[in-house]
Each structure stands twice: as structure tokens, then as C-alpha cells.
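After this come two complexes, each holding chain A, first together with chain B and then together with chain C.
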Partner chain A sequence: MMRPIMLKGHGRPLTQVKFNREGDILISVAKDSEASVWYSSNGERLGTLNGHSGAIWSLDISPETDLVVTGSADFTARLWKTMTGECIHKWDQDAPVKRVEFSPDGSKILIVTEQAMGQKGKIFVYDIDYTKNEQSTTPILEIVNEDSSAEKFSVAGWSYGGFYIIAGHASGKISKYDAKTGELLNSVQGHEQLITDVQFASDRSYFITSSKDQTANMYSVDTFDQLKHYSADVPLNTACITPVKEFVILGGGQDARNVTTTAASEGKFEARFYHKIFEEEIGRVKGHFGPLNYVAIHPKGLCFASGGEDGFVRLHHFHKSYFDFLYDVEKTALATQHSTIDA
Partner chain B sequence: MSTSATSWAAEEVDLQSQITENPDGTKTIVSYKLNDQGQKIKVTQKIKLVKVTETVDPAVAARRKWSRFGNEKSNTTIGPDNSTTIYDTEVQLILGSSWKQDALKQAEEDSKASVKKQSTLKCRICQGEHFTSKCPYKDTLGEDAPGINKDSTESDASIISMGAGGASSYVPPHMRSRNGGIASPDERRERDDSTTLRVTNLNSVVDEEILASIFGKFGSIRRVTVVRNRETRESKGFGYVEFDTIKNAETAMEHLDGKGFMNLILKIDWSKPKK
Partner chain C sequence: MVESTATFNESDIDISQIDFSDLESQYQINEPELNFDNYVVCDGAPIAPESKAPMLKKVLGKLFNQAGKVIDMYMPIEDGKSKGYLIIEFENPLQANKAVKSLNGKKLDVKHTLLVNKLSDVEKYGFEDNVKDEFEEPHVEDYHSHGYLKSWLLDPSGRDQFMLHYNDTVGVFWNKKDLQPEDAIEPRAHWTSAFMKFSPKGSYLFSLFPHGVQSWGGEKFDRIKRFLHPGVRLIDFSPNENYLVTLSPEPISIPPDNHPARSQCLFSNESEGHKLVIWDLQSGLPVRTFALPPNLEKQTTMPWPLIKWSYDDKYCARMGPDALAIYSTNDEFQLLDKKPIKIEGIQDFEFSPSGVRLSTTRKNDEPEIMLSYWTPESTNQSARVSIMQLPTKQILRTINLFQVSNVKMFWQDEGKYLACKVDRHTKSKKTQFTNLEIIQLNEKDLPVEKLELKEVVNNFQWEPKGYRFVTISHLDIANPNPSAPDSILTFYDIENQKVKQTQSRKVPGGGLISVNATKKWLPFKTIKDKHSNELYFSPRGRFIAIASIKGSANTKIEFYDLDYEGEPDKIEKIDLDNSNKVSSKFKTLNDVEHRGLTNLQWEPSGRFLAGWSSSWKHKIENGYKLYTMVGKMFREELIDGFKEFEWRPRPDSLLSVNDKKKIKKNLKEYAAQFEELDAMEADAELRELILKRKRLLQEWTAWRKETVEHLKELGLINEESHAKEEVIEEIKEVILEETEEVVN
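Our next item is the complex of A and B:
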């Protein structure tokens, strides 16, 4: 049994929630224009980041938790001081910003812009200077989607060391770009439909992608081989890899436009736990009454947060039974290891 | 212990409290005080002091002291504010490859429990769900009603007393049987333990499944239990295995008694009935 904390900071569907490196701070963004900063231990709201004039699609927190970057439908990405909530910089773009992420060392950010308004979908990389507020507005790298709009970027993230940028496309394709030169290194048609999320394992050497085609896949950054495949019965919006325990958490639900015609009990608005190795579903957590748009796991695996289409963030602190859980084969392996009775 | 509300006399009696240091690190405080009726009451308190040391990252500790900003700037609530933070009802996360069946079973049990709850209240006159004294048909049906003064054919927990004239309807817990009626003494020991083995000196990591897997080789098993601590669910190091036949239980005992399993030597004997 877990007692979730419901965080009611937003009036519109959540788009992303993220923990900082230590896991004590949780930041959520939604389709309303204010980001909320929370303490993860008790769900207290520390403050809001006010300034955007449109839906905020994405956020990220710098490794030291001193800065936050957000990307919004108002054609800007903004940089904030986490401590005071003050906006210190703004990058103006020509299209809505769909995704932002700090590189693992925090020295750069990537910004994914939507392919819309006659603009091509692009990934920009900017340098971040921690010593001053004003940041460089000239990107150090620009990756442009030269293909049709069906191939536009939907999500992107940094691999280990910030060496590569992994991008997910609307067509279900996953690409690996060199983060220095922007050269396309590898590409694989991993899914059949829009890739909704890409999240990395804690060492960033492999990642999980989720897609509207009701599946989630795990890939190695180096070889780009598909390591694992998880299938669900609803379109997936998000997937994350848990540290400590060998699980993945998938989130999704029926499309927003069909939600009003579905009962919450049938909508499958649950966080699904799969075993990372055996690819089998091992449990679900109920609670949302809309699809899950994002799930994030505490960096030490102590709790997970889910942001839903219903406007709530639900923060679940795991109980002991979660950490004690062992798969049947893991148990027997443990037993035979110590056993002197031969089978 | 509050002494503020009591008189000076009680306070004086209170001074006679004895503090004993137990060998396991706990303290037992025995004190006496007077209650409202002037009776002397013995109060025994057992106290265990636990020192909890928490190590916090300095950066995290610094962030804990940040002042609020944005929409929360003028909020002076200490700790989480009810308007943004709600502690929701508990949710269950059953982990396991059979989580679906487990969840179904749980739901079934819940519905069963709710049905039971409903049936605990039953009117003796009209069989409705209210107290007999509040029955709307009390005057019209009266004492000649079908339910009254007759022994109920169904074994329903609700109707405990059938006796007229308001004889004591209380049945002490140990006299109650499972289905609600009065249990006959021989009915109380319902389980036949003749095929049950008691397994002691088990490693604490051994659970029911592992136990079943090693005993399953000697015959079909009806029931496996590992005795656990009620709070921590940690194994107490012993358990019970019930076989289908005494013969199988005997062979299992022959083969496994005194054998090493997970670093400990198993001890197996027949389960002894409780006295």
C-alpha cells in the first residue's frame, strides 16, 4: 500500500514532471503557463515560475539544481533561477518549443522546435554560462529535419557524456546524432507511430522510448541495438527506467479526445510496472482519471511521480514491499545458491 | 503521564513511580495514581528510546531553507498547503507476474466484506436493515412477525439472540463460531494436523514458495505457511507444511530432517496441536 500525494498546482493537463539530481526537488509543467516547484519529500510547493504566455511543453533541471530551463508553445525557451523563480534568459524561436534538456554536465542545452508555421523541425544546442544571466543566443549546433513533416522531431535527449543526441521522430524513427558535429550516425525504425518520450537509464548508456503504437523499446546508445521490447494495450505517452530495482514504468492511456467517452475504470489510466529484464507486466498503480502524460522516477528510486491529463501530479513513495520484491527465478536462484539439497 | 489535572494528593502518589532499566535497553516505569473515584491505579509504561540519525546532502539541506517565490510568495502556511497538496487515499501496488489475479481476488474480498457489513444489521420484525426498535412495522406486525421467537434457519451473524423476554444476547468471542452461531466446543479445533510437519531452524529468506519447492518432491502439498512477524513480515524462522497423506509427510521428514538448507540445519517434527 502506498499513500500518494496529489499535487494540484496546475489547471490544465501536465506535460512533464522531473526530479533534480538529488531527488529532493520536483518540478512540473503543464499546458497552463506556470511551472511549479515542489519538495518531493512532503509535496510542499516551493514556488512557481511565472512568465510564459503559452503551454509549457518541457522542462529540465541543471545538475546542481541552480537553473531550470523550460520550453513553451509561446515560441520561447526560458532559463530560470531555481532558488528565486526569476527568469534570467529567454531564447526566441520561430516555432513552439517541444523539448528542452540539459547536457549531463550542464554546460549545454538542447531545444527541439516543432515543425510548424512553415518552419522545419530543428534541434538547437546552446552553451550555458553559469557566471552570468545573459546567455548566448547563437546556437553552437543546429540539426534540421530535411524530410517531410511526418519525420519531424518529437523528443530528444543527451547520451552519456553528452557525446550523442538521441532523437525520436513523429514517424517512429529513432536517430543518433553526433553532439559536436550534428552528423547523423545511426537511425532505426523502432516504432510505427509517434515517439512520445525518450528517457535514459541513470548512466545514460541505454534508453527507453515510448510510442503511440502501444509499445516501448529499450536501446543501447553505442550499438543502437534493440535490447528490450514492452507491449501494452494503450497508446503510451511516457516510459522511464527505475534505478535500484530492475523495472520500467510505462504511462499512457486512451487519447485525450476519446477520454470523455470512457469511464475511468476502463480508461486504463494506470502507471504500469514492467520487469526490465523479463519484459513482463508485474503491477499497476491506479489513481489518475486521465491518461498519464509523463512519469519520472526519483534518482535513488525512492518514489515516482506521474503527471496526468487530469491536471494532477501524483507522487508515490514506495514501501518496503516494492524493494523486497523478487522475481520467481531470482528467488530460486538465491535459494539454490545457498542450498545443499540437490534437486 | 499528565499530572496537571489531578490533585496534589495524586501527584504525591505519583512520585512513587519506579523506573527499571531492562537488559534489552528498554525502560519500564511503574507508577501509581488515583482516578476520579479515588481508586489507586497502577500504570506500567515500557519505553524504548531509539536514536535516528539522518544524513542529508548539504545542498539538499540548503534547498530546504529556500524561501517561497512566484504564486507561493505570500503563502505563510508552514509545510504543505492543503490547497495544492493533498494526501490521497492509499493505493495498492501488488508486484508479481500474477498481479492481475491478485488484484481480482482483492476486489472480490472487498466486495464480500461490504456484503457482510450490510447484513450485520437486521430487524427482527421485518428483516430490514435497521434496529428492531426503529422498525416502521413495529406496531402493525408486532410480536407475531415471522422473524420473531423462531430460530433462524439461516446461520446469520446478525441474529444472535432469539430468546424472548430479552435474555442476555451476548456471546463471548471464543464461543462464537465462524458462521455466527454458538460454537460447540469440539467444533473449535477444526483443523486436522495429522499430516502437518513443523519445520524449524529455517533461514529467514525462505518463503512459502521455496519451502513448497523443497517439500513438493515428496508428495502433494495442501498448505504451506511461514510464520512471520506481524509488523515487519519477516520470517520467524519456522513454518508448517501440510501434506495430503501421512505417508508422504513421513518420507519428507525422513529425507529432510537434519539436512542443511541455506546455511542452517533443518529440524522437522510433527505439528503439535495447541493445548
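Our next item is the complex of A and C:
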């Protein structure tokens, strides 16, 4: 592992960091109402997106990196031009916006709103028109949580082809909705506590969920079978699946109220690498002195970024040994594969 | 009357038409105030002439008035004499019950003992046919085998078991060193409502439930017995696993005699209100119950155990204010010599953990049962530690002590020495210091060795089966910084007699050491400025783990070897001017940090040490770690909600001294065998792991192939996305500064 690049641009805890499709741009949002845009190669800041008047909970970048969407506690989701940093549209909501995400083709966005202040938790889908600034303010789909607030949506994301919306609930339940009709297709009680993150593999055919119950699970989008299970010893805030290598990265840490003792290591504020297939922990990356709120992986698996409660983004570029690392079983499997090809 | 037919209809009957008079007369209660429950019959009263009958009536009336308000007394007189019985009416059945309870069996004088029964009972049992004449044999429950209680000792590789308690689950496992421990039984959820505990020799495992204690044992840990003691909090055992002691804050309440629950209740009427129970482990029956001494009744923290046992389970004793009560277990737990021993001001007592061989004990004699106790200074007496022999109650030795604030007694486990940690104060009572008074019980006249120290000793521990001991002490000066390390570790050994021997060798004929020479203890190594506060000697001696646990931010464990066998130049220098004065070879082995550590326990063989962090204390790094005796950690498991760890104790070895010698001689051969087994086991585990990984990898590759094909069908993966990227490199030139220089 090379020396990490510290991105110091936020004064408050980070909430989300994301790479664009090419991986050259990194955007981070935090509880200080400002999004920062960085070069991923050297950590230089290009600029900021200013306009929100509350904590920004979430962001996403369109496939061509031309647009950025952000969701904030100020009851709005906003659309920005990446090139200029200009806010071109604002969707007003009745509750804080917890999560935003572009569909894989970039033609739609989904917005998850908080169940609070008498409002039901909802997922909205809006069309995005790249030809003009002004966007439609009528959602093409609205999924409402009719159950108690314990079942409210915490996170959501798009499956492959934008066919389904996968949502995580505060109760630990995971649901699959048809992205056209909003019909509930499947749901499993995957975790015992709040689901903190859902991130997809690069082809979006499977995804990983992280939960406060200290575990992360991996599911197939089609069958909704639990493929893998990873257990940690701290509440997890985030999890992602690495391309190129068969790993997953989990992040989290002891909640601030439980960390009363001195050393930073007590809270276990580390990014943990697990082998995706064997479910075994293979390494940890230390550095943050608060829980990790989000980890994001470069689309080509070259580096990963973590945003911490401590207000920093740490950008780690992988070393050769990371790419060389293989279990013996994997090496043998590769060798047999090669020999069959050669023959 | 209406005949009942198939078309019977209740509403067809006019109730007023039915004549109930026959039933009414049958069940009518003529005198509702006559209630037999209010009456008791008293037999065994003196037979008095008619003239003295009123006098007797008055005396007995007074007696019965203690139980309740006597409404009427009837004493039949026949032929000018009373008949020796009378009937007493009370106000209500409660009072009648109380009279039976308190006055039945009451001795009036030498000749007369009152027998008090309820009138209703007389009716119940006194009439013919109410009690069958023939003896009906009570049903004896069929014998049910629980398997061999010591089955775990038959393990071919001689492994040890341990118990893990996490969240609501308890499991018993085989220790497999660094490998995943093997289930001895399937872990059970909700096995206990509080904690679990092994008996002292490991035969039983005990669990608590709200209504009492259960014992489990045998290969599969089947339930053996239940000991019903509602609200039980604390449990303890006699050293030979014959008896169980339980304490509950709820007083025992006996259901009234006529209540159906009475027959289920194992306690006798005298146990009413008692809180402390001794049980027979084999029969599962209570053998003795006690009320708490009044001085403990209101205390929130309970000294435990309240009952201490002699090494052979023959006697047990409990302390009361100014008295020591010793019970003989062979004599149905009756007081030894029928009375407690008066000991003014007794503060604490300890039994010798083994039989004591005095210098007068002959080789084939049973060793003696001893106990020690101490009493504080009183107006005309110094503070004292006394050693008493049982069952003679003879005091063999007393030590007089002055200016004493506290005494703690530490028996060496073989009963060879008794160390008294005497905390003393200066005359001004401002500062404290400790004296160690060590009584040698094997020697003639029980000599006492006195060590006067400048510090206060907090912890003291004898080396098991040895003569060395270790203390943790600190200087009693007001330290401005409470977090400063102020603990002092001191290691003591006896002075080598050999030195004297070589000196005295010149004297012809005086070569050998005299057997009766009193031993002299020397502090041979002192380590200052420590945080340490707990001592854990290995059960086999030689190794000691010293930990800093309580209130310490950096919990750590230090491992020391007192008989280091490695290269002589690695032995640490000791404090004495002549290192030959003692035979110990001191070496610090390791020093490990163990975050969150709350408890430590040695495995019975002394090879491993378990340290754990219990969620009962805090939530930091709950789980357990296993160390070798030299302080190398070989297994670590972090378990959320981890509660307790316990090694299963082992009974004493049955091997003779010669057998042990033989094993020691051939140790290398045995070791080789076991190492081979270990290696094979490890190989098997590794093989299994590799196979598992292989399977997982295959499954994954297959699943991925399927998914990719599916996505391709949907046209979501196009080969073009793998097309080469175009890298545009932009070179920007920025002029940072421009200066003009004029060149002449």
C-alpha cells in the first residue's frame, strides 16, 4: 500500500465519496453543506459545489461525468454541472433526502427521503433530460413505506439495466422493487439492525449490504439468495465490492458514544479487506480516528477512498502486492485454466 | 322430574317446580361458626388432681396465648383428675397453625412434653380407614445413568475442556491449541440464567435458573439433579464435591402443612426464613439450612463463601459474631460437641487446604485437620492469630500481634506453611506497613518466621506445591499522582542451606544440613514502578503471570520464570549479593498487552493461561485469548457479548511419584508422539480448509459464468466497453514569475 493522500476539504464528518466512471474524478460530500470535487490521481481539489443549506447525505455522478446529483438534509436534491459547478435544478421534498443515485444508463435518478416530521419514507424516481437544465418535478414512480417508521428506507440503489430498485430498511430488511411499476418483488430479513449501505458489483448483478449489526451480506439481484456473509466486530457503515480483485472492503467503527477509552485503535476505525469468495479477513487499513462512513473503490480497482467521521477523506492507491495477492487455491485454479487454454 | 331424552332442553324446565329440600337439608351448615381448623388438641399435659386443675389451666393458657388469642380451653376431668389432654380453641386457623408449629414437642418439664395437633388432623388420621394399615412402599424413581462423570479424562490425547459463555449461549469445548476448539457438546442457548460453574474437581457443571441450581455431567452433560432454591445468587462447593452451598436473598418460605405444595417442598419447617442451604450433591436433598447472621442481613456485598470446609469434607464451619460454629458432616451436620466455639471478636478463619503433617504425625497417620483464625486487639488482649486442630479444638499455636489494622491468612496448598499478612499501623495511625509472619507447620514447635516490611502488601500468593511466594506491595505515602505506577513486585525464596553447608564442611562430621533447621525467606528479586495488581501462579508452580487489570488503562500480563533452564547468561541478576543464596533462577519471559482484560485463569496442567474480557464488566474487546506459560499468545477469539471462560478442573493425579519420574525421564518420547498427533490434526484441518476454499471458488466461478451469460443475453455487456481508452494529456505552462534584469 502506498502512502495515502489525505483530502482535507471538509470541516465535518464525511457522508459519501464517489469516483466517476473513468475513475479520474472523486467527489465527496459531508455534513458541512459543500461538495468537493478532486483529482483522484493526486488529490488536488478542482472545486466545490455550493448551494445546499444543510448536511449533504448523498451524491452520485452521471455515467459521462457531466452531471452530479446531491441529496441534503435541507429537504432538496440538486443537480449540478460538473464542469462549471453550477446548480441547474432543485427538487424540493417534504423531508430530508437520504440517498440519491443515477440509474446505470443515467436516464433516471432515484431519491430516498427520510420518514420524519409526519412524512412517510419514500423512494422517488425522476427522469433526467440532458438537453436542458430544467428537469421534470413530477416523479415517474413513487414507492411509499406504508409500515411503521422502524421499516423506513435507509438506502437504495439500481440493479443492472435499471430493472430493479434494491432498498435497505432500518429494520435490516432488504427489498427488491420493479423499477417501472414499483411493485414489491422480493424481500428478505437480511440483517438484524439498520442497513447502512448498499453497493453493487461493477456489472450490478449482485450487491453487498452493510449493517449496524456488525455484518455485511452479499446477494444476487435475480434470485435474492444470500451469496456471502462477512462478520466484523464493530458496527458497519459501509461496504463495497472491488473490481479486478475478488475482495470486499468494509468500513465502520465503534459509535462515538461507546468509545470512551483513550487509544484510537479501541474504536477499530479501519477499512477491512475480506476475500469476497472465502469470506475471510485478509487485511486492514488504519488511519482514520473516527468511524468510516463510506468507502468507495476506483472503477478499475486502482485505489480506494474512505470518508470518515473525522472529516477526512483518505485516498489509498494500491501497490503491486495488492494485485499479486492470491490464495493458493486461486493460483492453482488459474494455472489449470491456463493449461487448458494452452492445450 | 323430567326424564332426560335426546331432545332434552334446559329452557323447558321450570326451576321453581323442582324440589331441592332433600339436598338443602343434606348440605345445610347448622353452626357456621364451628370451624375445626380453629381447634388444637394438646396431649402430654400433666395429670393433675381436680383441685389443681384451674392452676394448670392457667399455666397452659399462658403458654398457648403466645401463639394467639385463646377463645376457650376445655380440660376434661374424670374421677377427680385431669386426663392429660385438653382442647384449645383459637380465634382463627392461623393462630392454631402457629400453636402447632411452636408448641408441638415443647418440654414442660423432664416428664412432660406437649404434643400439639390440630383437631382436624386428629379427625383426618385418627379415624379408621383414613390411613391404610398396610405399609405402602413409596415409589422410588428408577435409576437413571448419566454416564461416567469423569469421561473427559479418558480423552486419548489428554486434552482439556473449557466452557465458553457468550450472550445467552454456553458451550463446552476441547482445547485444540491454535486450532478451532472442538465442540464437546452442541452449545446450548439459555442454559443458565446467570453464570455457569464447574465443581472443584470438574465432575459436574452447574447452571442457575430462577428457582435454583442444576447439576450436569457425563459425556453429554445430561441433567443430573435440580436443587430448588428460589432466587439463588451465589453457589459454592465442598472441596471433594460432596456438598453444594447456595445462598439466596429470598428467605425460604414453607407452604402451610395442608397446602398441596408442601409435599413438593424439600425443606423442613425449621428452614422457614433461612437463606443459606447446604445440599448433598448426590441425593439432591438439603442437609442443613441457616439463617444469615444478623450482621450480614442488611449488607449489600456478601463475603463469600460463608461456609468453609476442611480439606476432606469432614467438617465445615461458619463464623458468627464472637463465635465459630463447626459442623461435623458425618454426624448429620450437628455442631461439633453440640455447641459453637466462643471466640471473642473473631474476624476471619481459614481451613488448611490439605491435611497437615506435624512433626509429631507418624508416617502412616492421617494428616491433621487444622484451621486458623484471628482476633483483633481488645482492652486486655493483643491481636492474635491462632491455629486450632480438629476435632480436638486444641489450640496449637498463637501469635500475638500489636497495632494491627487487618490480618489475612494464606495457607500454602499442601498445608506446610501458613503466612499471615499483618497490616500494621504506626502509633500515630497515619501510615501503614505490613509484617509477614510465616508459621512452619511441619517443624517442631511450629516456628514462626517474621518479615518486617516497609510497604503495605496488597497481594500475596504461595507457589503451589512449593515454598516460594510473590507479593505486590506499595509504599503507603500520599501519592499526588494516582496514575503513577507504584506497585512493587517482590519474589521470595528460602535461603539456601547449602551455603552454610560448605562453610561448615571444615568441621568434621558436621556436613549435613540439620532437618529441623527453620527456613528463612529472602526477597531475592524486586521490581518497582509497576501497575500490576493481580498474581496468578501456575498451578504447577515455577511460572507466574502478573497482571494489571483493575482500574488500569493498559491492561497487560507479564510472565516470569523462577527456575529458568536456558543458557545461564540469560538468567537475570537478582538483588542478593550472592546469587547462590537462593536456588531460584529468575527470568522475565514476556510482557503482553491485552486490551480490555478482566479475568485470567490457568489451565489445570499449567501449560496454558486464558485471559478474557467479559461483557459483564465492560464492552471493550470482549472475547478470550490463550497464552502458553511463557506468554506467547496462540489463540484469540473476539466474541461480542462474551461473558465467561472456565477451564474444566481436573482431580488430583493418580500417578505415584515413581510413575511421574518415569514419565519425566521419557518425556521426549511422549512429546514426539503428541507432536505427531498435533501435526496430523493441523494437516487435516488445513486440508479441509483448502477443500472448502476450492469448493467455494468453483461455486463462485460457475455462478459468475451464468450471470454474465444472462447479462449478455439482455445486451447489457457489450465488448466495446473494453475498448481502449484514450488518454489525453494536457500540458499546462504557467508562468509563476517574470523578472527583468538589465544586463549592462
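Methods note: the second predicted complex is superposed on the first by the 325 of 343 C-alpha atoms of A that agree within 3 Å, B and C clash if a C-alpha of one lies under 4 Å from a C-alpha of the other, contacts with A are read in each partner's own complex, and residues count from 1 in each chain.
FYI, contacts are C-beta pairs under 8 Å (C-beta built on N, C-alpha and C of every residue); 3 or more make two chains touch, one makes a residue touch a chain.
In this text the structure is predicted, and so the values were computed from the model without any measurement.
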item	value
Touching partner for A:160 - first (chain B), second (chain C), both, neither	second
First (chain B), second (chain C), both or neither touched by A:222	second
Chain B versus chain C as contact partner of A:124, first or second or both or neither	neither
Touched partner set for A:328, first chain B, second chain C, both or neither	both
Partner chain(s) touched by A:294 [first = chain B, second = chain C, both, neither]	neither
Per-residue touch tally on chain A - higher for chain B or for chain C	B
Touched partner set for A:206, first chain B, second chain C, both or neither	second
Touching partner for A:75 - first (chain B), second (chain C), both, neither	neither
Touching both chain B and chain C, residues of chain A	22, 327-328
Contacting residues of chain C [partner chain A, same complex]	553, 595, 619-621, 638, 640, 690, 693-694, 696-697, 700-701, 703, 707-708, 710-711, 714, 716-717, 725
Footprint of chain B on chain A - complex, ascending	1-9, 22, 24-25, 34, 36-37, 39, 42-50, 64-65, 83-86, 273, 280-287, 314, 316, 318-319, 321-322, 325, 327-328, 331-332, 334-335, 338-341
Complex contact set, residues of chain B against chain A	57, 59-60, 63-64, 66, 68-73, 75, 79-81, 83-97, 99, 103, 203, 205-207, 209-210, 213-214, 233, 256, 259-263
Contact set on chain A toward chain C in their complex	22, 160-161, 203, 205-206, 214, 220, 222, 227, 233, 246, 258, 261-262, 266, 277-278, 327-330, 333
